Amino acid sequence: MRYGLFAAVVGVLVSWNCGAQAQATLAAVKARGELLCGVGENFAGFFSPDATGKYTGFDIDFCHAVAAATLGDAQKVKFLSATPSARFPQLQSGQVDILSREVTDTFSRDTSLGLDFPIITFYDGHALMVAKSLGAKTAKDLNGANVCTQTGLSTEVIIADYFKSNNLTYKPVVFDSRDQALAAFEKGRCDVFSSDRSTLFAYRSALSNPDGFTVLDETISKSLNGPTVRHGDNNWADIVRWTGYVLIAAEEFGVTSTNVDAMKADANAPAEVRRMLGAEGGFGQMLGLSDDWGYRIIKSVGNYGEVYDRNIGSGSKVSIPREKTLNALWKNGGALIAPSFQ
Amino acid sequence: MTAQAGTANQDRTPGRNAVSDFIRRSFSDRRTGIVTVLALIILVGGGVPFLEWALFNADFVGNGPADCRRVGACWVFIAQKAGQLGYGFYPQDLRWQVNISMAVSALGLVGAFAAARRYQVALAAAVYAVSVVLSFDIFGGRLPGLTQVAVEKWGGLTLTLLLFSIGVGVSFLLGGLLAMGRRSERPVIRSIASVYVEFMRGVPLIAILFVAVILLPLFLPSGADANLFLRIVIGICLYTSSYMAEAIRAGLDAVPTGSREAAYALGLSNWNTQKLVVFPQALTISLPGLINTMVALVKDTSLVIIVGVHDLLGSTQLAIGDVAWGNVLWEGYFFAGAVYFLMCYVLNCVGRHLEAKARRATAR
Amino acid sequence: MLAHLEATAPKASWMRRVLARGDLVGSLVQIALVAALAGGAWYIVSSTMANLSSRGITTGFAFLSRPAGFDVAFSLLPFTSASPLWMALLVGITNTLFLAVTGMVLGTLLAFAVVSFRLSKSPLASGLAAGYIGLFRNTPILLHLLFWYFAVFAAMPNIRNGLVLEDAIFLNNRGLFVPWPQLSGWGWLIACVLALLPIAASRWMRRQHPTSAFARIDLSLLLGLVLFVAVVVIAATSWEVPVRAGLGMRGGALVIPELMAVIVAMCTYSSAFIAELLRGAIQGIDRGQTEAGQALGLHAGAISRLIVFPQAIRVVIPPLTNQYVNMIKQTAIVAAIAFPDLMLIMGKTVLTQTGQAIESLMIVTSVYLIISLTAAGLMHLYAAKLKAVGQR
């Protein structure tokens, strides 16, 4: 009896593991009929549930775009929560096909963790939020400060580097969750809260007295954020990368979710647009997708500008300025640029 | 507590003036007198401000933060946040699902217990297993006709209870197997069980939870539904089962060999001897240890907030973070503490009741 | 586990025991079980390793020699962001041990106070102590920790409005700042030696003159403490007084709020459990022993010190060992309030900074296991020694 049970447990364990064979991600997604997308904590603009419990946000839309490209239906996504500590193991082990939670690309992550960062979708940099009553005008005034951060993010290292290189002393106060860190900051446990600049404004607006706090002008790091996939599946990385490029290029060419049908039907549209939307060239097949993959992306989520405005830009509550930042198109002085569809 | 001591005193000396007796005992010698005075200082110094805060100056009725005068406790906060403390962020119109789930798991526990008392071990295990799976599915709204609710929205007291009701039975069954394994005559089985138990007892539950939450996905097939709640339950059960095993083993060790031999002499099979003779005796003996383990389990469930699940304590933590209410830390922690205390206290009472019953049964 | 068995019995006899334990089927089942377990473990390890390396994930413990890159808020060892990660691991281990030892010592001292109330003839004191014990035994320690941290120490006034005592001691939401003596290494050494002297003397006196005041462990501890403080005060060349500097304080010694919260929570919580153990042990001592002491004309203090206590200690050691091992594990909850112990540094910060999840958690669990097993082993040795003394 007990032997049988032991044997059963062992058997289940082994057979469970036999299923865990490496498989090409695209084939797995198609077979499953669903994209598994790892997303971050509730964070207005990037990832948050609306009143009906439906997730919306910048990161959410990127997964919708990938689902539209690969499965033909933007809604065939399952969003899984990926906390800072568990997110990489989740991706590495195949629990998710893609992490879309603004992971910052760094050398060690790219090279030693089995991760790939196919495309940068959001440029940012760390800034420092302080209480106005502190009287600090620049980061140089922060000698001896206590700094609240959330563990698991690059923030800890960025802060250490910055204070060290500026010969300033500080004490780190590290929290497990962002909410705890913010609560401790607001209660005065720390002088400084640090995070990406764009996100700091969102955090500040959630404090009980937003006007009592200010974000210093210095940007103390550069954060290049984007979706993350497993290392070694080049086809899948290509799909994710070119999904991003379609969003960017569509904005450059003026293709939007409303005019995409007309653009596709328009035989006089620029050749690049026609190739992107699958009207000619058969580009989709080169990725292992059907030819209208680009059309489906734009049809379901719109171009980069639309995604940005709807979630984090002027059309949203978060309202992160885009002009004159790196997140503008290259034509407007930003860093967003897509290779040609040739 | 003091009232209890007083009444106990009264019972012992009927007809005497309880007050004068109480005072005489309190100052019977120099040492006792000093201790009494110290206790009085602590009671008055701590108790009076506390009562003022918690009762006399407190606000009990109201609809929002404005209804609290902030001179004493703001119990309005607890009343207004009751839904969150009980159900987390579970959608309000779906909370009946949680209630049904709670009822199912309570019925399952009671049913399994009743079956076990009639020595129907297999039936008890089956009843319990069905009730656990059912209550888990109802909680998550996975059954047809129900609405699915994501794990991230589960929370509050009901989550604590769900964790407990799953953890207690699974780890009891696992612990029973391990205890038998540790007493097995076969050295291989014995050492496997021993190594497992000693390992689990040497590592903090938080470390186990981290392993379960972060590493378990690495060993699961890709795309498997690595439900956070399930991973946590696995971690808790693996951990608690080792303590259950030790409690049960102590009971098994204490069963006289004579009982076993008598059962064999009556021609009972090995399994029936275990089921009808050894286990009932062993469980009676190990009851205090088992109850202690269960109380520890109730308290340990609070650690899940470190891996991002908002049980009763986690929901309290979230609720007191609501800036609209200002500083309600003391109210929140006091309330959560009172609920935990109540749960553990009830468990202890049940345990004591069962113990007394068992003692009467053997005395008969 | 095989090694464990081999250590207790010669190999041949172990093999014989496995095979000669009666039935062949049972032996085969055992062999099959071992094979299945080993095979399963091998399969999991090898497939995971294959998975990891096929995706270019670095495995192994080489990452421990990389520089940490982050700072820690509390460390007993010198540590900067340039220190290697294995140094961070050491910091975590020392912090965990520091918490555990502080909690044990303070918790046990408090437990003595609680149990003296609990066993007092005064119904008021006894009831109060019973209430205290019941309160702590039936609520989670995490709740106490969060309460002490968020509702008490982190809720202190800020550095400008904090409590100041004589311009030397500061208590605010950054922690407790106290002056710190400037003392050479030799000074500290002499102070420690002198502090231990009365304790050693009391051991010797207990054998020679058990009723002498010098034989009392409590008095000798007190004397040791006084000597220690006296040496430090006399030998200190100067005292470094904390002063406001920038946004924080400079100089002196700092006890951060996280540490204060952990210590208060741990020692109050564990004192309830230890007090229950002590009560059980003391009440287990036969009343006749006390009466015999009274007949000899000993006063109450001497009876408890010379008769009850030594016997109670012997009874209480095994459960107390368990309690202490539990406390070592309990320290891990400080991860919830950002105190950098082993769990937070290795299981959170290093894990997430390096992404070496398997290795980091392997280190965390094995270090806890080693500490727990060592502590349990040492206590068992001590218990065995006490038992031997008792039988003499």
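Order as written gives the chain letters A, B and C; numbering starts at 1 within each chain.
Keep this in mind: a contact is a pair of C-beta atoms (placed from the backbone, for glycine too) under 8 Å apart; a residue touches a chain by one contact, two chains touch by 3 or more.
Here the structure is a predicted model, which means the values were calculated and not measured.
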Note to self: Going by the touch rule set out above, what shape does the chain contact graph take here: line, ring, star, complete or other?
What the structure shows: complete
Next item on the list: Write down the chain pair with more C-beta contact pairs when B-C is set against A-B.
Entry: B-C
Next item on the list: Averaging only over C-alpha atoms, locate the centres of chain A and chain C and give their separation in whole Å.
Entry: 42
Item checked: Cα-centroid distance, chain B relative to chain C, in whole angstrom -> 25
Item checked: For chain A paired with chain B, centre-to-centre distance based on mean C-alpha positions, whole Å -> 40
Note to self: Can you pull out the residues of chain C that are in contact with at least two other chains?
What the structure shows: 29, 33, 37, 44, 51, 150, 155, 335-336, 351, 357
Note to self: Where in chain A do residues touch at least two different other chains?
What the structure shows: 6, 17, 20, 85, 89, 92-93, 176, 183
Next item on the list: Any chance you could list the residues of chain B touching two or more other chains?
Entry: 189, 210, 214-215, 218-219, 306
Checklist line | In the complex with chain B, residue positions of chain A that touch it | finding: 1-2, 5-6, 16-17, 19-20, 23, 28, 32, 36, 53, 80-81, 83, 85-86, 89-90, 92-95, 176-177, 179, 183, 186, 207-208
Notebook entry, point to check: Hey, which residues of chain A end up touching chain C in the complex?
Noted result: 3, 6-7, 10-11, 13-14, 17, 20, 22, 84-85, 88-89, 92-93, 108-109, 111-115, 134, 136, 141-146, 151-153, 156-157, 159-161, 164, 169-176, 180, 183-184, 187-189, 191, 230-232
Next item on the list: Name, in rising order, each residue of chain C that touches chain A in their complex.
Entry: 29, 32-33, 36-37, 39-40, 43-44, 47, 51-52, 54-58, 63, 69-73, 80-81, 150, 154-155, 158, 173-174, 245-250, 256-258, 335-336, 338, 340, 344, 348-349, 351-355, 357
Checklist line | Contact footprint of chain C on chain B as seen in their complex | finding: 1-2, 4-6, 9, 22, 25-29, 31-33, 35-36, 38-40, 42-43, 185-189, 191-192, 194-195, 198-199, 201-208, 210-211, 214-215, 218-219, 295, 298-300, 302-303, 305-306, 313, 317, 320, 327, 329-330, 333, 336-337, 340-341, 344-345, 348
Notebook entry, point to check: Hey, which residues of chain C end up touching chain B in the complex?
Noted result: 1-2, 4-5, 14, 17-18, 21, 26, 29-31, 33-34, 37, 44, 48, 51, 116-117, 120-128, 130-131, 134-135, 137-143, 146-147, 150-151, 155, 300, 325, 329-333, 335-336, 343, 347, 351, 357-358, 361, 364-365, 368-369, 372-373, 376
